[in-house]
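In what comes next, chain A is part of two complexes: it sits with chain B in the first one and with chain C in the second one.
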Partner chain A sequence: MSVVRAELFKLVEQSRVRVLVIVCLLGPLLVAFVLDRQSGLPKDTLFGRHVHESGYALPLVILGFAGTWGFPLLTSLVAGDIFSSEDGHGTWPALLSRSRTRAQVFTGKVLASALVAAGLLAVTAMTSLLAGLVLSGSTPLVGLSGTELAPGRAAVLVAASWATALAPLLGFTALACLLSVVSRSSVIGVAGPVVLGLVMQLLALLGGLGDAANVLLTTPFGSWHGLVREHPFYGPLGQGVLVSVVWGAICLAVARWVLLHRDIT
Partner chain B sequence: MSGVVGRGLSKLYGAVQALDEVDLDVPPGTVHGLLGPNGAGKSTLLRMMLGLVRPDQGTLEVGGVVAGFVEVPGAYPYLTGRQNLEFLARLDDAPGDVSTVLEQVDLAPRADTKVSGWSLGMRQRLAIAGALLRAPDILLLDEPANGLDVLAARALRELVAGLATEGLTVILSSHDLAEVDALCEDATVLVSGRVAWTGSIGALRARPGRHRMSTSDDARAFRLAPSALDVQMADGALLLHGDTAGVDAYVLALGREQIAVRSLRPASLALEDAFLELTR
Partner chain C sequence: MKRVGVALVLGLLTTACSTPATPAALSSSFAEVFAGLYVAQQAHLGRTDVTAGTLHPRSLCRRTGPASQGPGEDWVCAVQYVDADSTVTQSFDMQVKPDGCWRADGAAASQPAVLADPVSGQTSVNQLAEFDGCLNTSWR
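So, the complex of A and B:
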């Protein structure tokens, strides 16, 4: 745990992470402000046409938007150079000559980046809900099956929907860690998950993949669609969690093996 | 044991043989110089001692806690000097005191400023502080005086000498031969990944069969030089190159000619000359 605490200390001292915290805190409020001032609505997004009718629509609009590229970007900025920055700053000799093993350092870094990423997800979820309620109040939400969901149930479903993003978010965090370890380049570590996320979105949009689209790491970001209905279905959610766990496990296993066996030159 | 013993250490990077059957003996409590031209394998050897690089062949026994830095004095630029050390201290079971090591390397006045604005010399000192914080038995320093001004370099030499007297084993890789000469008792010279020479600095300078002699009349002594000896006049003395029997005969001959031999001692090379002889 000492490595996790130390890495958390280092992460929160980085201006990049501080900017992310500010964006996650103020971004949804800014979106609400802009929507309040303009007459048009983001009708091409799920729940976009309802943002002025129910305060529970805006957090779902933001969730859909974040799932497209926001979450991959968030994890990239948190975890994309958590290993490669040690190469860049020449700090491996100091870091690996402490009392902790390479395996402990690896685990600590992964956990620290996962904690920060999950924390930022939680912050964004809360400020999105707050922004929605400030914009349109706590009124019933029209679900994807066309029926009205009472404010209490809508609030629970919004929270649950945001929670479904946790698994793929952590999968992307593992992917960012892998790229950071393997490439030893902060540029590749940070840009890689975003680019791969966009490629996966593109492949899914183009179609033709059939069931193979379900194993893309971006697909689970849409698994919340099954929840916001009169009669929810949980198949995509379970599948999304499984896909995210498999992606995360493979990425972390490869990254750990590489870090433990590489020469630090 | 808190020294370092390496046997048959080899390391290949692609087609480049970084180390080739290197043996190394660093007794505990000594300051050992690691010399060699660029690409000789010094940094690879230091990285092996820090556990950053695994040898392809050979064994390396490092007795005790080892800390130090290789090539670049690494630091997190977005943290202050003190925060850098506090971060490292969190990863140690029994870390030293951050303020104490900052004082040791004379960084206390700037400790609370971000490292991004620091000079190379200050980063060198911070890296040394980070190593000292680990309370090591063996301290590895790679070009520690890089970027240091004359005063700071002298302070560093005093610090290293002081640490050695406290029983710390120091391995100093440096291109600054004056620094090595001032600090190290022993040295290993690497050339193209192989040990070209290892032993005491005194023995490195000394060359068998070379003597330096001064007499009451050097000019006449030079004219009386026997053909069996190579005798040259240089720097107000005679430099003799030949076997001991030849030198003895020459001294006796000078005595017969009423020329007094005022001093006769084995000639030693400047460390730089000795180094160049080995590495050319």
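So, the complex of A and C:
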């Protein structure tokens, strides 16, 4: 636990993470401000045509947008150099001499990254909902089954939709940790998951993968589509959680093995 | 280990050949969303007696290009419903995206972008002019 606390302290001390917090806090409000000033609508995005009708549409528009590249970037900036920075600064020997095993340090760093990433997701979700309500008020939302969802239910579904992004976000956190451990390079650790995320998006966009696209780590970011309806379907959500867990478990198992068997002198 | 690898590859190839965007799935999804929006549209115009149950909506979706299923911009959905004891048929251009979500565009003659209330004259956005839906993309 003390390792987690120490790593959390190191993370929140980074100016990069502080900038991320500010972006997550103010970004949705800025989007709302821009939309308020223009008559055009982001119609190509789900719920984009409803942003001036219901305050619950904007957080879903932002969620859809963030799922394409925002979430991989967010978690990469948090976890992408949490291991490689120790290589860069040559601090591994000092870190491991503090009566902590490598396994404890590994677990602490992974947990700290996951906690910060999840915290940023929660902050963005709340400010997105607030921005939507400020922009268009608490009016019913037309769901993806064509029926109106009452404000209370819409708010719950928006919160649930943002919660579905947690599993793939943590999957990308694990991927960032793996690249950070294996490459020992902060550039690869930070840029790698973003590039891989974009490649996965591109593969899915080509449309030739069919149902096989469901094994990509980016696909679960769209699992909320089944929730914002009169009668939700949960298949994509359950499948997305399973896919994210498998990706996360494989990435963390490989990263842990590499770190535990590395020659650090 | 080799068998597991072969099974994985075969599984991926099989799923790669299947797609959630089939005519049957799209027809069902489209009919549901159309009915919901039509009821809301009519309620907005003061006709609160119209319900999804009385509409009996049936739709038929197909691709106009060489492919018969999968994502694409060449989908067309025709919907038939009963309103005020008469059967009405309307057609919508459809765009099905690789993520399983779709967008329908109605013809301006049957679904204008703006609706005017016949009594008050107030105008509002017609939700049936353009609307979205999503298919269940999980493995079947």
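Just so we're on the same page, the second predicted complex is superposed on the first by the 264 of 265 C-alpha atoms of A that agree within 3 Å, B and C clash if a C-alpha of one lies under 4 Å from a C-alpha of the other, contacts with A are read in each partner's own complex, and residues count from 1 in each chain.
Rule of thumb we're sticking to: a residue touches a chain if its C-beta (ideal position, glycine included) is under 8 Å from a C-beta of that chain, and two chains touch if they have at least 3 such contacts.
These numbers were taken from a predicted model, which means no experiment stands behind them.
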Ask   = Clash or fit: chain B and chain C on chain A?
value = fit
Task = Name the contact category of A:Ser99: first (chain B only), second (chain C only), both, or neither.
result = first
Query = Can A:Val215 be said to touch chain B (first), chain C (second), both, or neither?
reply = second
Task = Go through the superposed model and pick first if A:Gly207 touches only chain B, second if only chain C, both, or neither.
result = second
Inquiry  = With both complexes overlaid on chain A, does A:Val3 touch chain B (first), chain C (second), both or neither?
reply    = first
Key: chain B versus chain C as contact partner of A:Glu13, first or second or both or neither   = first
Query = Under the superposition described above, what is the C-alpha centre angle at chain A formed with chain B and chain C, rounded in steps of 10 degrees?
reply = 160
Note = Between chain B and chain C, the one with more contact residues on chain A is chain C
Inquiry  = For A:Thr91, using the defined touch cut-off, is the partner it touches chain B, chain C, both, or neither? Pick first, second, both or neither.
reply    = first
Inquiry  = Can you work out, in whole Å, how close the C-alpha atoms of chain B and chain C get once everything is superposed?
reply    = 30
Remark   = In chain A, both chain B and chain C touch residues none
Touching residues on chain A, where the partner in the complex is chain B = 2-3, 5-6, 9-10, 13-15, 86, 89-100, 105, 263-265
Query = Residues of chain B touching chain A in their complex?
reply = 13, 44, 47, 50-54, 66-79, 83, 86-88, 90-94, 127, 130-131, 134, 136
Note = Seen from chain C, its contact residues with chain A in the complex are 12-13, 15-20, 32-40, 70-72, 98-101, 125, 127, 130-134, 136-140
Query = What does chain A use to touch chain C in their complex?
reply = 43, 46-47, 49, 53, 142-148, 204-215, 219, 222, 225-226, 230, 233, 235-236, 238-239
